[in-house]
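Read from first to last, the chains carry the letters A, B, C, D, E and F; within each, the first residue is number 1.
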């Protein structure tokens, strides 16, 4: 591989994972700041949040989809990104994702559309990373 | 069976299905009023709403759970009742339902708790009807 | 007219205006309680609220429709009732009202539907009072 | 005391504490139902909720006022009732309460007004119980 | 015209239409991505959305204002931008727009203020383009 | 001090106050645009907003905390920034701030978490400016 191709590959990876990386890095950085203040309620709430999505009588994948659709109708872009990442890891397909988007748009109305655009963009990036890998 | 016992049985049935019947009757009555006005956008939106929850790459049961959790975090008691009814028909178990309630409460916070109380009450009634039947 | 007919007429009026009267009476009673506490911010906000809907470069009727659609997507049943009353006084037609309902349902999604049912019921009552009058 | 006076006294107490009692009884009844299902996330969230409002570097009274104003702008009537009860126990004065109501109405707008009416009614009842006692 | 003037003109146009162009381009790009997935519910919802704002017993201009005020109180910046664009095309005046902003701020409270700032900025740009043209 | 150190100091100040300055400058600029349109309802609402947070039977500091927690559960980042600035001026401590954050997260749920991250970042900057001064 020539140096030029290598450079293009790096750039491609960077572009494709741009939104994903930025989201994850900011999230990690600020979670550290918040946890460093040792507020017990916040710490316990965050632990509980993790437990909520673990396998139970509903499996993880279903629970992450529940978390995602809830985040979409509440129109919380960062929450959406987080659950999109988890759904991607748990192998929700693109067609399944769009059926979920459809539920969110019907329940929450056209005000969910701009958030669906950003969700679709993030989902493309997640899929792009896989292809690049 | 004496007349008195019969009366008690009727009353029991009535009490158990009280919330469910009231909800369904009011919903049916007012939907008729609204549809009688022939607003095409509303008619088409309602048709589309029905299509949204049909089997696709996600099955009906998953979609109804998505609709329910969305309704819970948006705190729409009547929407919650509707999807609880559907989830009950589609044989979501009580344990599954409470895991769904947990997601709704974690994502939406303690303001979802009063709606969870009313959802739990309605779910008991739905289960009660089955037992009574 | 016999005493009995008179009684029936009174009852009819009462039934038709039931929701409307209950809403207006409770609103009046509690507004008095609140204003009796002499909180200046609340008093001034309420005055300002009245001014907001007065004729300007947009006429009253348009402004009341704006207030109504805003109340519908925010799903505030009592706010909806208030603006429905005003829209009725300002001679918004039933067809116009349902086009407004359609906007509210498209923007706000199916979670607005239960509020639309209650709005439709209240609107019928308002129209019923006119017929009775 | 005659039988009649006793009856009137009972009625008075009943009327004054009507909203408060109904709220507390329904809340207690449904909390039992929910907790009986042993969903750990819900149980832990409810424990955490209790801890949140305990004395810390902010005192209980301030925290209950924070919980109340949050409930008001989110327009959750039952959450409002709960925190009104706590604020009353912690001796928030009526004038302080109305300054809190003013913040909620300014931040959340006139859609908070109907919830303020119900809050004011509940607050009167709480104060009435004290007088009656 | 000198090269320098041409450059300035380009820059002016660019600056004036910056927010408007960015919004429209991103919207167009992501709508294409979403529609390429062929989810029928989403496609039909979007068609329905277009129909909602067509002339009926309420004219387009009124309907776009209804859509705008609904978007403002729901605090959806991209929805606001979309309807601002439509209102501008349909010749809503600046004074009319600010009366609409006033309704949104009164109904939705001071949390609508930051969205009003961004709406005002976008409206200035829309007006600026006209002047530049 | 060498030129280089001076440059670093300037940069540090700039970096620390970046979010705070950007927020304040944009807010000031757009408030001017809005007020220049002379809409009386908006002007009076903004005056009233200022009055709401003045010392009364609740002190300024408590009121600003009420405004902040309300802004957090309503997830309005710019409103949060504004009240964080005021709380900082009124000497709310970092531990007090995090107890307030905890109330907001418990009442409003995990969808408040991303807003808490941005609030924490802004709060760090405010504290950084003090140290720099």
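Going forward, a residue touches a chain if its C-beta (ideal position, glycine included) is under 8 Å from a C-beta of that chain, and two chains touch if they have at least 3 such contacts.
Everything quoted here is computed from the prediction, not taken from an experiment.
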Chain labels contacting subunit C and also subunit D
A, B, E, F
Note the rotational component of the Cα superposition from subunit E to subunit F, reported as an angle of 0 to 180 degrees in steps of 5.
120
Among E-F, B-F or B-E, which chain pair copies the contacts of C-D, with over half of them the same by residue number?
E-F
D-F against A-C, pair bridged by the larger set of C-beta contacts:
D-F
Taking each chain's centre as the mean position of its Cα atoms, how many Å separate subunit A from subunit D?
37
Using the average of all C-alpha atoms in each chain as its centre, how far is it in Å between subunit D and subunit E?
42
Whole-Å gap separating subunit A and subunit E, where each centre is the average of the chain's CA atoms:
28
Going by the touch rule set out above, which residues of subunit D reach two or more other chains?
41, 45, 48-49, 52, 70-71, 73-74, 79, 95, 99, 102, 105-108, 110-111
Treating touching as the only link between chains, describe the layout with one word: line, ring, star, complete or other.
complete
If you look only at subunit D, which of its residues touch subunit F in the complex?
48-49, 52-53, 56-58, 62-63, 65-67, 69-74, 79, 93, 95-96, 99-100, 102-104, 106-108
Quick one: in the complex, what on subunit C touches subunit A?
73, 105-112
Mind listing the subunit A positions that touch subunit F in their complex?
26-27, 30-31, 33-34, 37, 39, 41-42, 45-46, 49, 70-71, 74, 76-79
Contact set on subunit C toward subunit B in their complex
75, 94-95, 98-99, 101-102, 105-106, 110-111, 113-114, 116-118, 120-121, 124
Taking the complex as given, what residues does subunit C use to touch subunit F?
40-41, 44-45, 48, 51-52
